[in-house]
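Below you'll find the structures, each written out as structure tokens.
Two complexes come next, and they have one chain in common, chain A, joined by chain B in the first and chain C in the second.
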Partner chain A sequence: MLSTLIWLPFLGAIALACLPASISSKQIRWLTLWLTGGILLWSLSLLLQFDLHTPTLQMQEYLPWLDSLGLNYQLGVDGLSITLVILNSFLTWIAVFSSAEHVERPRLFYSLMLICSGGVAGAFLAQNLLLFFLFYELELVPFYLLISIWGGERRNYAATKFLIYTALSGALILIGFLGLVWLTGASSFAYSAVVGQSLPMLSQLILLGILLVGFGIKVPLVPFHTWLPDTYTAASTPTAILLGGILAKLGAYGIFRFGLGLFPDAWSVLAPGLATWAAISVLYGAMAAIAQTDIKRMVAYSSVGHMGYILLGGAALTTLSMVGAVSQMVAHGLILAILFHLVGLVELKVGTRELNVLNGLMNPIRGLPTISALLVLGGMASAGIPGLAGFIAEFLIFQGSYTVFPIQTLLCVVGTGLTAVYFVILLNRTCFGKLDNAIAYFPKVEWGERVPALILAWIIFLLGVQPSWLVRWSESTTTAMVSMVSPSTTPMITITTAMQSTEALMIPKN
Partner chain B sequence: MTPTMSSTSTAIPPSQHPFADIIHRLEAGGAMLPDTPENLMQIIGIYKAYAVPMDFYWRDLLYIAERVFLNPVPAFKYFLPQEYLDLHNHYAGDDADLRIWRGEATAHPELLDFIKKGETKKSWPKLFHHLWHDRINMEFAEACMRAMLWHRKMYAPVNRFDPYLDTDEYKANADRAIRAYFKNNPLMLSLHKLFPEMFIEKVRELSYYANLGLFWEVMAPVFFEMSDLYDEGKITSVPEAMNFLVNGIFAIAGRPIYHHVYIDGECYEIIPKSQGMTWLYEAALPYVESVFYRTAPFRGTKSYNAQAGQVPAEQADFHYGILYADVFPVGTAGIPPTLLMQDMRHFLPSYLVDYYSQHCRGQDDMLIQLGITFQRSMYCVTSAVIQALRQALLYPLDDPNPEHLMANRQFFESQMDRFLRPEARLRDIQRQDYR
Partner chain C sequence: MEQFFAQTAWLIPSYPLMGMVLSMLWLPSITPLTGPRPAGYLNLGMTGLACLHGAIAFHATWQQAPQYIAIPWLQIAELDLTIPIEVSSITLGAILVVTSINLLAQIYAVGYLEMDWGWARFYALLALFEAGMCALALCDSLFFSYVILEILTLGTYLLIGFWLNQSLVVTGARDAFLTKRVGDLVLLMGVLALYPLAGTWDFQELAIWAETANVNPTTATLVGLALIAGPMGKCAQFPLHLWLDEAMEGPVPSTILRNSVVVATGAWVLIKLEPVLALSPTVLSVAIAIGSITAVGGTLISIAQVDVKRALSYLTSAYMGIVFIAVGAQLSNAAFLMILTHAVAISLLVMSSGSIVLNSITQDLTQMGGLWRRRPVSGLSYLVGVAGLIALPPLGGFWSMLALLDGVWRDRPIIAVILLLVNALAAFAVTRVFVLMFGGQPKPMTERSPENGWLVTLPMTILAGFVLHLPLVLQTLSLLPDWAVLNKDVALVLTWSSLSGCSLAALVYYGPIAKPIRLPWQALQNLLAYDFYTSRIYGVSVVGSVDRISRLVDWGDRYLVDGLVNMVGLASLFGGEALKYGNSGKTQSYVLTIALGIILITLLMTWSSLTNLSLVIGG
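Up next, the complex of A and B:
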């Protein structure tokens, strides 16, 4: 069941690579679209079998592999990973949809995208540390190639930077995993074998620190973020969607799964520092975004800021904040995908991403009115406007974190305000104002190009007005994670019980 | 046809003006618009598309000025009665005073067909077509009229129309018509007594309705004839098109401008023909000045923020005319430029539809493409006016006297100075890819 999500993309990638050269780029795109659509449907079918009340792993799969190394093929899904697995399948489909009809070397391009998708799915599902590491590292090369071959200006520089940072991230994670197994004397790299093992606090702090830096590079968190703006900016639109929408979430997932999950005591010791780190990331990301004149770079820096909210939610470690953090991973993935898709369209049609040149795109006849309107919606969602998915996630994080880290939470709320500032700057300069006669000969946006953004917008809106569809999946798992650390800090009510008690109040007692 | 260099090029040194190339072209008998087959095709096509709604505009303007007059609720002023559709144009048809167009004197067949079925081709009641804006949008014509009204005192003392509106004679004529019109309406008569200037000012506006109606009555057949001549292969260059306009201007320069009102079958001459107002000085020049240069209802996204100092203190400093217009609509459907473009779109010749389909966004931005074509065509009309003024006030282009040629040069340069502003589209229309 779960293996399908990993191996179908890999098999698809091999099949695409073997297609004859006579098949056009357009046909290969459609084939990939059908394949990723099928994978998406398959991943959605997991929801039907997923038990909301079970915090532990579900749908587990096990195959012995290199037992002597402690490396076995162990898969499973829980509330932490289920939504991310679906996000991965969905954004891969969207990324293929948003790719141009005519791509250079299409077989290689789409094969690499499928490998990325399969690799990320494997990392989310792996329940063995070494298996996770293998999948984690597996994406490095395809992403490097996607950036360096199909990227924009300075793509080689960006791809090399990405490679160096990500390789360093992988090395640190491997050191962390090896250190954990060696120090605990665990018999294998199975997650279940190492979780709950006791280690001296100092060892825990060192190992957690190594993992935080390793995954922090991937998220990325300040000051390990410098690869991100260059890479996101240089990457083509579909690659940027995969990078920002999925790969960054892998870093956040790793922090929670392995940092929090394996070192809960050390986590609670470091929590105030992590919350402060989160606040710094949020404020730095927002202020750096304000200073940008390249809209893609602005969106990239916004990602730095928004990933900080996830760390804040995890640091606070309350049921609400954890649910909010997991929801933020999904919401941010969707919002970043729509923003990158739209920014990519603006660049494709107008030929520039410079705020100083762009103007008046809302013009109904010669501008890009639908794209501008969706950009406004994306900006609103990113700024946490109520009624959209971003608001739910951020609100839950702030609500859950304030009682634990009030100052850091308030600083992050300021960061939300700054998000509104740079999106107002972006929208005001890009969409509004006067369309310049001299440059306003943009090709029109075809319906096919609008569809990915319309689908994303619809989902962002839907999850905004029906948030239970976003938060329900992770609730039991995150509650279990919170209780694992320190029962005293956990609020006694969960979201569901809160809703139930609200309903009970509304029912008159006899 | 490429304009041949006239004697000017050798008799006096080249102009040092920023628009020297265009000035040399004017001195060679050309227009501000470059002479290319593409330009010619565009301007002639748009003249035809403009002339059909213009045939409605002039009839309805006269109908409002003469019949609707001071109706306090003129809800049906755009519902042109058959009498005015059948009204004979004085410059077309067999009984024309001066036959400019070889077609019929009554309303153009394409116009009648459009009035009947509209764009929707539905046989709905006329009111539905009206409310759906599936009609000729008279709002554009009224906006042009208001531009002339707002920019009073132009071309004084040559233009005698405007000062006449402040004379006692005019006021007495207007007062007589007002009293006759409201003779059974004591409320309106009381208002007229209380505020004697109120209805007089309204009548001044109606006089401009008549003025513009009479101006366009001439222009519609001119444009129809130009279109026919182009189709017959008899106009083959932009200068030929411009010269046709120049000749037309002189041919009908003396056409009387007047304002008559018909109340209960009696004609009240508010501006009698005997005043000697003429088409060129009392209608054409003020129209060109106000609508082409100053305040066309063609504003695009131009801001009118007075507090930011964006509205000039002097009306003469206005530069919001068609020749300066940014034709990208703001986005509201109801602003007049969009309506004019919509009106013209219904009557585009097929070659122009094909042409627009091949450029920019094809059908999707045809309104803008034809708006820019319209701007090009108005530069051609303005060229004709400049050449006509030069011909009337100065010297022939082939005058052997260098001083005369220099006087012509200075005249052309002073005219081109008006396009030195960055908003002016003169530079843009030199490029074929300005669409």
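Up next, the complex of A and C:
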């Protein structure tokens, strides 16, 4: 049942908060690890019940709540959200795993992490606009606290910036939702009640624009991204994993579910613009990343670029590009998590994140060889080297969108090249080179610190060589979403003509 | 029994892969206990098995129809990514070449890297290359070829960066990765663009499609140009040739493989793509142009190098340029033959020069000399390599060059002249290296230079034997032309061009001219010695502009985009400060504010219902 994914973390958070103060941070960490592990297993068991061939919502739950407001407790999962729900449970587990054994105020810390996990799960599962909004706003406070209490330098500035931006994003989304229900005169905020509306194009465009900006802040898309480098850099490693791995995906998910899902006609009108926006985001993020000298900031900027691919996939609106976009959300979540974990470890052991100071960590005796090797893998996965999870997702997006937006797609391919540039800069400066023996007295890397990265690396590799485990979940849902767009709109014409010309060319062969 | 090996031949890449995975055990923690050597021996054994399997399977499939195997990988929406595998005598022949050169290079490495502590990493990477190349030979799909090429690009980065604490190594690895990646990504653009046109990525089907395809010429040209970019990077063709020379910072045993078979991966894909490239005459001309520039430029630059490894690496670029010319002239068989003869000959040259470098402790040709009497085995091997590489009958290079020259002799005299010129220049280059190393009087660095142990010498002599026997092998495989149809004029001219190159070099470098030789135009000599200043041009143009743009973006991000946001934040902060003074702290004023607010809201809410005005109208 889906509710478990929401309420078990909440109950766990309350239980943790009630623990006596005598329990050590280490014990609380283990307790949380077991709890989140249980949640992860539960979410994986959903996969067994999930029907691959049903495009509509599955495992729905309904509980009347404030019916007069149109706010009911409605949950459901489909191909768009199932992988993200699992990603959420998994990365929460990894984030708890990658937390230091001794943190200040452990009960509050782990409670907040659990609340974040439950809130995000709720947002992914909610099938009522207001309910989604509530969950969306709910995780704002715990994240704010996680950044401002356990963050690094400039944490208060970053946390406040995050709070303001996210609050603005929430406000815009609420305006969009209210406007939609108001204008359509729908009886409730249920997703099913407003889907398939037939508003005039102008209102659709305005509402979609509001939602795009609202979710675009969360994703984030250029130019609404400046909270991201500050926040990701100031956040501690587990918080950064949750922020970059899951929270950003909530924005992308929102764009697909509520932007594309509720305004398909306006979406197809805006699609060329969105694709261009995506390409700009990709190139901008990559270019900004190249100029960074702080490795955590560099990884943070890489996220800006990679989220652009998702928008490109959505804008192109072919089944292939949509499947690629959903896969990219998962792949990017995993890759960002491993990168943040490793960068956090480097900072912890070496004591700096500065590219100009770091050197030669691949040294087998006195450096951090395993961490460096995994960093190479993470960086290469992010740069889209085949055999790792990032490649297939990006490739599906590119192949799916090439027929619709060739120029933008090729620009995004250039973006992958630039990704390789900054990761080579990162690897060359941190892992390669001569280790300065005078400073090379690094603390030993414990096994417990390696395990999260090893697990992530294994999954990234596994999904890279066996991509059907990554991509197959979303196929039927995205096919339905694509067919929702009326075939008279421009992108579809391009696709069909492209298909026809392909067929025409293939006829002589037979 | 043989059939069993033929049927399971598609599993050959698994041998080196297994070796690679097992050597990972030696990476972190076992090495201090056992030393790094077991990882090397393990890989050596695995390569031996792969070679043996390949040989048996090759024998079994000889003169049989090719078998096609399809392994489903991913099916999503309208895209069907099935791995098509072709098991035929050609693909197994390629595997045989790859695995045997690998086997020899790995034995060589046991001797060459005797004192090195990083065996596990080195052999794991060699195994990755071996697996990748075997897979590439078997794979019959452009998409999966692209996948393999990309993975090998990563392998190149790690392999060149093997001695990672030297700064030249680090920059070499970086440049190799980025240059190859540029080629790969343009190839990816071609891959993306080709599918909507052809509806397939299988080489077989692409060839059938290309016969009847009716594609817009501009599109065909653009796609074709994108498709040759990947092989250009892999084969170190102008202007993506920079990396091969810098890659010489890596260990010699990996150079043996890189200069012979790794660069050939690009050529292999290029040959398979030939039917698609032929859709546009422009693309073929471009391939010929690139190949010619690289071939002539590469041989000239090679003559101007003082580093023996670099001199040989530019020759590799040049011979890959000849393959480009062959593909551009649509002479696929000559191209295949050229890849084969070049691979065995150049790896022999690298092996023998490496064996000199190993215990003369210098790569600088100006510090060498007089080694003939001290190093007869290496010297003889080098000479065999020379004879195998350039067009000297009856060894391999002659036949491949002859096949190529024969094809262009009548219709394209300019290409024929270029080929003869390149052959003469290459002959000059290899002879020059020979004279500088082995001729003349010993110098301080070469006074004490005995032959190496058997681990280095044996693989070298075995390979020399193979180079000598290559014509017989070709004869058995009936790849040599009949005596009756042999164009004797061409053969004669070709032989003369080789001989004149060799004798000119011998004359110049044995002769009384003062060494090192100075050209009358110092600028020209520098131009060649510094590789047309390519790295500097890149530094100013591509690297410089990316650097500048990224700084600009970063500045804009910090001060414009973020600055605007911070200004808004600051303004609201001031606003809040100002509002603060409006609060008196008296309960009455708060109540008044609340009351006013409620009235306002009520008014607003009733307004719409009272006037019965729906805002929908407004919307």
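Keep in mind that, in the parts below, the second predicted complex is superposed on the first by the 485 of 510 C-alpha atoms of A that agree within 3 Å, B and C clash if a C-alpha of one lies under 4 Å from a C-alpha of the other, contacts with A are read in each partner's own complex, and residues count from 1 in each chain.
Convention: a residue touches a chain if its C-beta (ideal position, glycine included) is under 8 Å from a C-beta of that chain, and two chains touch if they have at least 3 such contacts.
Everything numeric in this text was worked out from a predicted model, so none of it was measured.
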- request: Please indicate which partner A:Leu63 is in contact with in the superposed arrangement: first for chain B, second for chain C, both, or neither.
  value: neither
- line: The chain contacting more residues of chain A, comparing chain B with chain C, is C
- request: Would you sort A:Tyr441 into first (chain B), second (chain C), both or neither based on which partner it touches?
  value: first
- request: Return first, second, both or neither, reflecting whether A:Pro364 touches chain B, chain C, both chains, or no partner chain.
  value: both
Task: Name the contact category of A:Pro200: first (chain B only), second (chain C only), both, or neither.
output: second
Doubly contacted residues of chain A, that is, touched by chain B and again by chain C: 360, 362-364, 434-435
- prompt: Across the complex, what residues on chain C touch chain A?
  reply: 27-28, 31, 73-79, 117-118, 146-148, 150-151, 153-154, 157-158, 161, 164-167, 169-170, 173-174, 177-178, 181-182, 185, 188-189, 192-193, 195-199, 205, 208-209, 212-215, 546-547, 549-551, 553-554, 557, 561-562, 565, 569, 615-616, 619
Contact set on chain A toward chain C in their complex: 161, 164, 182-183, 185, 199-200, 203, 222-223, 225-227, 284, 287-292, 318-320, 323, 360, 362-364, 369-370, 373, 376, 380, 385-387, 391-392, 396, 398-400, 402-403, 406, 409-410, 413-414, 416-418, 420-421, 424, 428, 431-435, 467-468, 471-472, 475, 479, 498, 501-503, 505-506, 508-509
Query: For chain A, which residues count as touching chain B in their complex?
result: 360, 362-366, 434-435, 437, 440-441, 443-444
Chain B residues touching chain A - in the complex, by the definition given at the top: 301, 326, 328-329, 331, 360-361, 364-365, 367-368, 428, 433-435
